[in-house]
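The chains carry the letters A, B, C and D, assigned in the order they are written, with residues numbered from 1 in each.
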């Protein structure tokens, strides 16, 4: 059945952690999903030729390029997948879109608001030519969160009152753990805020279908310098943690926290939403589960239930394994590129769009500005394009 | 052995929920703890004589008074236990202290900062005459939280980086649930903030041994009017929820949230503290457990452990039941009055003091002021007396 | 309102762990429940006069007796509460019933089947004279298990297929922990089997409303001798663990395990029942919770829900605290004597009856015989009286 | 780096659920593990040519065969992977081994003891010629269980006293769910026992390093006939559930239960082991976690800890994702074939061997015989070859 499907040439830029996960997704997506297009792993881009070739061999890419500009203009590349640090997203993405290539871009969309705006504009223009773009908020493709979105969209929660979300990691707890590019502002843009905050801001807006309209924020850097690996000390120029709260467009209030210092929390991306009729809660450390409280039945039988989101009727799950057979981190990417390939094949716009990514960026920007001004309340500008 | 103990006459003012729990504690404390003093349940105070007599009979009090002024001057009353709404705390407590009676006062200490300051001052003066006072932050007597305090005080957490605490209830989720005094500012002072926020602010400061030095806050009232029980509508003049974050005196950051609209969360008073060496977490809905993460051992064996705080070596537990046999809500009060009786008997100052209560009040006041000014950063004044 | 209630004189025999818990229940039951009778704590029985007097003073008993025979004939004693080791249950209970006293007897009902049969017979005769008896399977008064029983009785589970129940403790894990009477067959009758097995056999039969009709069993003694406290070694003459499975009268299968060697499990009395329409699960270490799975709704929203059994509509809970405010171990006894007082006051038969206790004993006896004969399948005789 | 690795031709027989998972493992294993051999997906075997071709296209196999006899003799096949129902395992495996092909065989090893013995014998002979064989107990490759094995092997548990293990599913709870080959004895050998019991017997023996020496068992078929899909009724000729307990070679006792009727339990393969120094517990529905109780420290800090088995130092995890990024069901197979390729490449014997599979089979056979004779105690014959 899958034999008649056309192929689509993929070029990925970057081959570190994200490059590895994306490669896996491209390599396997059509083995599970009946995507209209079958990815060809055409080119892997990396500045160091030797390391790029080793990565290409390991991950299954046919060729390599050391200059992303060469990569994005190759004829065998139909889609550019950007897995580099945030400081290069805008330049690559805009150029690729202008070159007529579909683009998948890792989050956060960009390191600055100006870049993100330019990217959203480029995406809007490209869309008119049938060129598609998507920002890789992979957590939308966790079946439990996709199911949560469906429950909210179907009205099961009633009026939403509360969102509370944290993203807790602990890999910087030790003051002696060394510097990385993720701790340098010029490369990473921000620290926990952009890396982790982008995920939970997007998740909160995605699941509720509402927009954060204003925030007040505090950031902190616990360990201002770290070993640089050469016997010296490097300056940490990004936040280690950010706490912020805000209001949602529908009247709810929302609290957020991100950190890399929550000792013992390895990847605790958590989201809870309380409505007038039901509540839901999620923790990525138990990513196959959704906590669900139905407040409409008898009080004697009400309780948060642990839904194992592994039923064939749950989003994405049907192509995978039987009930109770868990999915892992990488499946979120495979599900994601399945949606992207479907959108491209069907000529529709994939979600989350660059505009969605810009919307997240506007929130992060407001958080940074608020934190810089002693938690001053800071409005978040509306997105440039409301989805109709 | 307990036969030689002296007695102490108790007078309780108020016989609603708190009066019932306190009565239980006074009735039973000496059956478990070897307190130096045995409480006599002398007088119960209540404005309606019939209801007061019924309550006295039910709870085991020897006599009743309908005027608290009469109660606090009776010779058979050595200790006045204040279980009324917050608007009368200051007047009763100050008068009782001046009458030479020890005082146990329910939280929050008062509805206004001025009242709380006057109370702390009265307590300081009374202390010089050997008259003791205590504010009833009963959660300090949850064995798991008392154990948490010991772990932090012993240095097991290392440098504290994060506190996150919420107190979530849901009894106002239904917009049709009727008005109560708790929703009227003139009676309750504030809403979720004073009722629930007082607990978590005290718990955070108690467990960490640090002080909140500044906050930024947002409050919200989801349902501005409710059925008044007479066919009309009453105005809700307090907050339904408050979100705030702040800084601690030792350099940590802290996030807080209180609400009565978190559908499905019945009494989720939660506290998590992350240090450089260990982390701890607590949830009152599982009040016999402490989550504990030791980050100093091998990573392959590290994980949050669920300590059942029911070992005889745990605080307060030795007088109760064997391991794995749980304690309930009321035990926190019995443990509390055991500590109070011990302090009185030994001539020492019980904790938490009215100064501690004032310290909490200063934080709540800062939260209210910040919320009133669009989350403006608001410093918290230092307490008038630092514990030496 | 409670002033008009008549009193009932209680005499308790034994003042160790069980005596302490029962005393607490008698002292407090009428402070919460509107029982038709108010207990008078008349006499505490204990062989050593000094220790008995100390216990009476501590627990609040008016008088002591050193001979239980004197206690059971006193005019101020209307109800005899037996809190002694199992070897004396039959003699005391039968004599008390014959003396016209109501009897509450700790579990297991007796150490031998013959004794249990004689007790049930005595209870049946006494019943004709309006004298009531009850065996103290306090776990039936855990609100979560009482609620579970109601759910099953109401048909919510459909056809019952599976029961699995364990009672795991660990206080003998250390081979150096010393001998106690609980490890001597002549005193305790059996080891984990009678102590813990009695509870889960009763709970399984109570919750399902079915009877265990046959079993196959294995027992083991891991540590055959222990320090006797006098520098010598004592022989352990009871089982350390028992595993057994069986069939229920309604067609279900059931598996059981009891042990005092499950390191880390402090009081894990667990019960799970799977039906054709729903499942339930319980763990005494989280005794305020019932796990509930409703299999009749959409699969995408199905999951085990954690019901906090603290709602006013739940069994027993209405007289206690608000939702989310937990109950503890001792409440099971207070609830139990409330039911007993109600039955006596209303002239009805309390449950569980001595016949119920005998029914449990028959199962334990079959387990012992099966284990003695290499796990041979052993039928359990039907109870002498089926509840009509 | 991976470029120099030799390839190994794989032929898989069967393309249903197991064929799909195995295909995924073969396709991806060398993308993560530095295996000495890189699999070539040479041939997929299936009796229906059209369905086989579709499966081959979907899963990525180069060619198909409709006769397994042709498949096992092809030159491009070096390893035969048997993913068929149990009734054909022996014939295919023995023939493949005799043809000099390495063999990976799905569990249970065979439907009868005689077949399993013949397979073990064939494996022993093949081993002398350097031909390797492995039975696919994939749960040994769950990192949490592999870690558990290491903890036990390192002595961390001390003397093992208890094993309790269940494998609970619910897909037959509905009496109207139709017949499948899994419910016919001639095809499946047994029901829940062979399908699920094989896993937990192997896991118990693997983790403890001990052997089950005798068992007593009960089996039951709740729903004896089901819709056959053609409007008629088919006879269920296998067990729906099996309960058994036994003794381990080191003195521990063990309890087991398997069922497809535990409503709400989707894939609850659970194992708990209690030792004299520590305990561990596992549940496949939370497969990235290991519960671990260390009984050697202070009692006040002891508790079951939830180890997220996602650290780079944990077995298999290093090649996958960062801490807290979960693995799923399929990873157990990828890890498994990594081990197999490593063994083949290094010329060592992979585990679990066919002898291990035979050992499991002997236990299952004893269970069946015991159940057929009213739970009679039934010894389990020692394995033919003890691992040296």
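Some notes on this structure:
Going forward, contacts are C-beta pairs under 8 Å (C-beta built on N, C-alpha and C of every residue); 3 or more make two chains touch, one makes a residue touch a chain.
Owing to the predicted nature of the structure, the values given are computational and were not obtained by experimental measurement.
Two chain pairs are in question, B-C and B-D; the one with more C-beta pairs in contact is B-C.
Ranking all chains by how far their C-alpha centres lie from the centre of chain B, first place goes to D.
The mean-CA centres of chain A and chain B are about 42 angstrom from one another, to the nearest whole unit. Work out the mean CA point of chain B and of chain C, and you get 36 Å between them.
Between chain B and chain D the centroid-to-centroid distance comes to 54 Å (mean Cα coordinates, whole Å). Shared interface positions of chain C, defined as residues touching 2 or more other chains, are 265, 293, 302-304, 308. Of all the residues in chain D, the ones that touch chain B in their complex are 147, 151, 289-290, 292-294, 298-308, 311, 313-314. If you check the complex, the residues on chain B that touch chain C are 1-3, 17, 21, 23-24, 27-28, 31, 54, 57-60, 169, 171, 265-268, 284-288, 308, 310, 321-331.
By the touch criterion stated above, chain D contacts chain C in their complex at residues 161-162, 164, 166, 170, 173-175, 216, 218, 220, 222, 241, 243-247, 251, 253, 255, 257, 259, 261-265, 272, 274-279, 293, 295, 302-304, 374-377.
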